[in-house]
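Next come two complexes built around subunit A: one with subunit B, the other with subunit C.
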Partner chain A sequence: MAIKVNLSKENNQLIIRIEERFDFSLHQAFRDAYINVKTNNTEFVLDLSSTSYMDSSALGMILLLKDHAEVLSGTVTIRKPSDTVNKILEIAQFHRLLKIEY
Partner chain B sequence: MPNVSTIQETRVALVVDDSKMQCRVLQKYLEEESYRVIIANDGSEAVNMYIQHKPDLVLMDINMPVMNGYEATLKIKSLSSDALCPLIFITSDDTEKAFIESVKVGGDGILVRPFSPEVFKAKIQSIQRIIDLYGNVKSLQQEQQKDAELAEQLMSGVIEARNFALDKIGIVKKPAALFSGDIQLTALCPNGNLNVMLGDFTGHGLRSSIGAIPLASTFRAMTQKGFSLIDIITQINKQLYDLLPSDLFLGAVFVTVSEHDKSVYIFNGGLPDAYILSTEGEIKHKIPSSHPPMGVMPSLLPDTGLTVLSVDPTDRIELISDGIVEARNIDGEMFEFDRFERSLIKGIKAKNVSKTVLKDVMDFCEDMPQEDDISLIDIPCSNWDTTKNVEETATTVNVDEKILPEKDLTESLSAWDWQLKLAGSRLGKINPIPMALNQITEIEGQSEHWQNLFTILTELFINSLDHGVLGLSSDLKSTAEGFVLYFNERESRLSQLKDGFVDIKLSFHPLPSGGRIKIIVKDSGSGFDVELYREKLKTRDARNQLSGRGIYLLEQLCETLVYKNNGTLVEVTYAW
Partner chain C sequence: MKIKAMTLLLIGFVISICQLAHVLYSGFGVISFLMALTVSLVLLYFIFVSRKTAIFTRIKDENVPKYTERSQSDSDKLIHTTLEQISELVDQQVSVIDNEINRTNTLVRDATEGLSQSFKHLQSLSCEQQQMMNRVINNHRNIGDEKETSLEDFVNDSSRTLEEFVNVIITTSKQSLQAMSFTEEMSKQLDGIFNLLAEVENLASQTNLLALNAAIEAARAGDAGRGFAVVASEVRSLSVNSTELNNDIRKEIFKTQTIIGNLRDSVEVMASADMTSTLESKENVSNMVVNVARINKESSEIIDNLAGLTPQINDTVSIGVRSLQFEDLTNQTLTSLKYNLDNLTSISHKLSMINLSDKNITNTLQDILLNCHDVTDKTNKINNQRSVSQSSMDEGDIDLF
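For the complex of A and B:
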């Protein structure tokens, strides 16, 4: 499975880790990873350290996650994007929308 | 939506067996399941019948003379690559070897004799379910293909066909097998500047093109009405944010090229770097993305501005979407920016950027399927509108000869008046020219003269704002580099503006064959020495200067031009 999900109740944190390609084929699996988390103030962490490629539909999927987090007054943090992925995030200027940890 | 399984058509089954008796038995069972049956008695005959009749189902014996069942199956399966034709072996050989071999050559099942008619029919029905499912998938796929073609037609046939100066601007557009949302727009501003946009919507097919029509109409309408590029971008961002779902947005580069000011205004929101190159193929500027794509945020970020660069008339601007740099070859390697830049420079030197780059990308990818749209726009910094300027000058001369100005305009009665006074911070935020032009068009309808009026109004308003209210000296503009300094200084003074005003007044006087418009523009500035300025203008050829061109242009276009109140009020008339 290219998506690994880790929910930590005590930290109120959901870590979604994407492996290899982050593209439209993950649409359903990515949504399933967070859609049932309905706890207020959850921190959604998107771990992209082992993501090798990301396309623009993945950017759209991140924006949907952001919408979901905002409804819960939570946050979205992108963690350790690889160089290739970071280039895509930079072109889309996503650091102006979300927190990115390098 | 057409559904293959509901189409009432007799299905055809091919029965292959060297025993005529066995054939007759299977034929009877199949006819009870509403199949039309054709029969072959050996493998070779089966292959011929398959080619001739394209059956929906094949039942195959294994041991036959001339060509056995395995061999015939291999041939048939190689012929039926694009159609699903289930093939079931019917045999008395219940060994493991027969079972494995029948699957290996492409068989979809095996039925071992003896079996009852009920078992046989159950097997046929289960195979039928798979055929139906496959038919459904196939028709859905065709629907999707049609949607994608519609989206592509919409983009190229309807929207992009209305682009301006297609012969001067090199546009490459090679849609992927599944159209991927690239859109290319060009339009001419009333003052002769050129607006260009290259955009890339997220997603594929029809979904990625729903934003295209509103995008194109906003881009064209606002360009034609003379709105500034940043106004157009602000509006498009808001429109797409309101219109599209969260995960759909538009990465885009917007460019205004001003041949007159020898400047380029660029905004890159979510696309790869835009390039400006000299005619020798030197990369002079790269303009990286500085803003999230259009439609992501409800309004533009507060510090958003245009990049202003001075250019030579022979420079070229190159815009790309990510399709080129992410194109893959057989080893999964991407074309990347290094290869693209080399190809770009080669193309500039060969004076054919679009062809060169497209060929290099295609050579690199060889036969690999194209995953994303490939787009490139190659824009010259001058000469896209040469013929038009000549015509304009010609008409202006005719008008001057025909109409003699009346002695005192104030005494003749105006048909209507319009006035707008902008003060303080509003001056930096509101562009009164589109409003004034709207007013004229609403009352007097469309006319070829409004373009000249736009130029006149813009020159007058900008002069009053820049030199009057903001107190900027036009000396700054004497060099191309100075123009950028001037622009930056103007932006900073505008943002701090608290008081001052510009007052614009229009009055229209109908004439038997046309009309005359009087424009009065008054500003709060301290004015200037009109006589001295006129002397200064005479001593040089203003046509070739970056500054002073405005006044020269006004004198050419207007019937009369008078400065009053120490230069804080200008009164012009334009007649046709």
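For the complex of A and C:
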């Protein structure tokens, strides 16, 4: 599985790590990773350090995650995107919408 | 007596040479110089002859107190002839110089006319060039549409369009994914219906079993159960129909599941757009923005430089036109040379009139001397006036003619 999920109850943090390709094939698994987290103020961390490719459906998935986080008054942070992935995030102007840690 | 006359003659010629030197000094080149040289040579020759004559006369005075009238008259004749020759020579030289002055006048006038035309043409060409430049600059600044959109605006528009395009793609992806999750839920709902159908199926088979039991009981009751057997049979056929209906529903729902599968595929295509080409486009547009900015900066600098060139060309043309005044100045100089030449001619004529046998020779010589003084004074006066008048062509402003 190209998705690794790590839920830390103490830190109120959910880390979703995507490996290699981040595309439509992951949409169900990605949704499953967060949809059952209903705790308020959860910090959703998207670790893209091992992601080599991303298409527009990945951007759509991130926006859906953001919607989910906003309902819970939580935040979404993108962690260490590679150069290619970062360029796509820049085109989509995600740095205006989300916190990106380099 | 003779020596005194010679001295006077000498003084006359020295004044002539001064006059000549003055002409030379006025800058009228080789011709003046040649003339001066010729006159000087003739004068030297004359002095030589007169000195010889003088020596001869002196020897005669010492050794032969009574010199003959004949030799005296020969000597006078020789002097007269020489003076006439000088006069002719001066006339000839003056006429050559006069012709050359006229020729120079014509040359200068023609050249000035040519230069003036050329300057006028140069200026009109410069104006034309400036207009063309302005057209080129205007064309360069817009992309040739009706609104005269500048290249910069066009690139910025492209950049904005690209951003909007990216937004549309992302929004579409997001909406598609949401639709996808609804579809998944619908699929789960259909699975629930399958479970319900299984229960219905179960009920139908139990009903069927029950109807079978009823039929058996009815047969056992004999004639009394005949009517009940008909009812049992109907119930059984109802249960069979119910199972068939159940199977039909199951088939329909199965079809729906297949359609949902197709829907999922379509949504996948809709949601997944490869961003690589968009990325390239974005980079191209970004580079274009930088390039257009650089080109605009360079163009502005060139335009500024061009704008500065036209006044410079105009100034240069004005200087050229002003310099054409040299025609007037040269004319004046040449005309004043004619005055000097006239003086030379008149003095030389007077010299040729000298007749040594004439009793009034003293008066004639005094007259010549006075004339020489007069001419020298006048020439000096004119010369002083000239040095006061304009000597440079840079002074004064001149409009184009």
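Definition applied: the second predicted complex is superposed on the first by the 102 of 102 C-alpha atoms of A that agree within 3 Å, B and C clash if a C-alpha of one lies under 4 Å from a C-alpha of the other, contacts with A are read in each partner's own complex, and residues count from 1 in each chain.
Here, a residue touches a chain if its C-beta (ideal position, glycine included) is under 8 Å from a C-beta of that chain, and two chains touch if they have at least 3 such contacts.
Fair warning: this is a prediction, and the values are worked out from it, not measured in the lab.
When both complexes are superposed on subunit A, subunit B and subunit C clash.
Shared-chain residue A:Ser56: touches subunit B and subunit C both.
After overlaying the two complexes on the shared chain, residue contacts for A:Leu64 are found with subunit B and with subunit C alike.
Contacts of A:Leu97 after superposition: subunit B is touched, whereas subunit C is not reached. Among the listed stretches 79-87, 223-231 or 241-249 of subunit B, only 241-249 clashes with subunit C once the two complexes are superposed.
Residues 24, 56-57, 59-61, 63-64, 91-93 of subunit A lie at the contact with subunit B in one complex and at the contact with subunit C in the other.
Of all the residues in subunit A, the ones that touch subunit B in their complex are 24, 56-57, 59-61, 63-64, 66-67, 90-94, 96-97.
Every residue of subunit A that touches subunit C in the complex is listed here, in rising order: 23-24, 27-28, 31, 54-57, 59-61, 63-64, 87-88, 91-93. On the subunit C side of its complex with subunit A, the touching residues are 163, 166-167, 169-170, 172-178, 180-181, 184, 268, 271-275, 278-279, 282.
Partner subunit A is touched in their complex by these residues of subunit B: 200, 202-204, 246-249, 251, 269-272, 288-293, 296-297, 301, 322.
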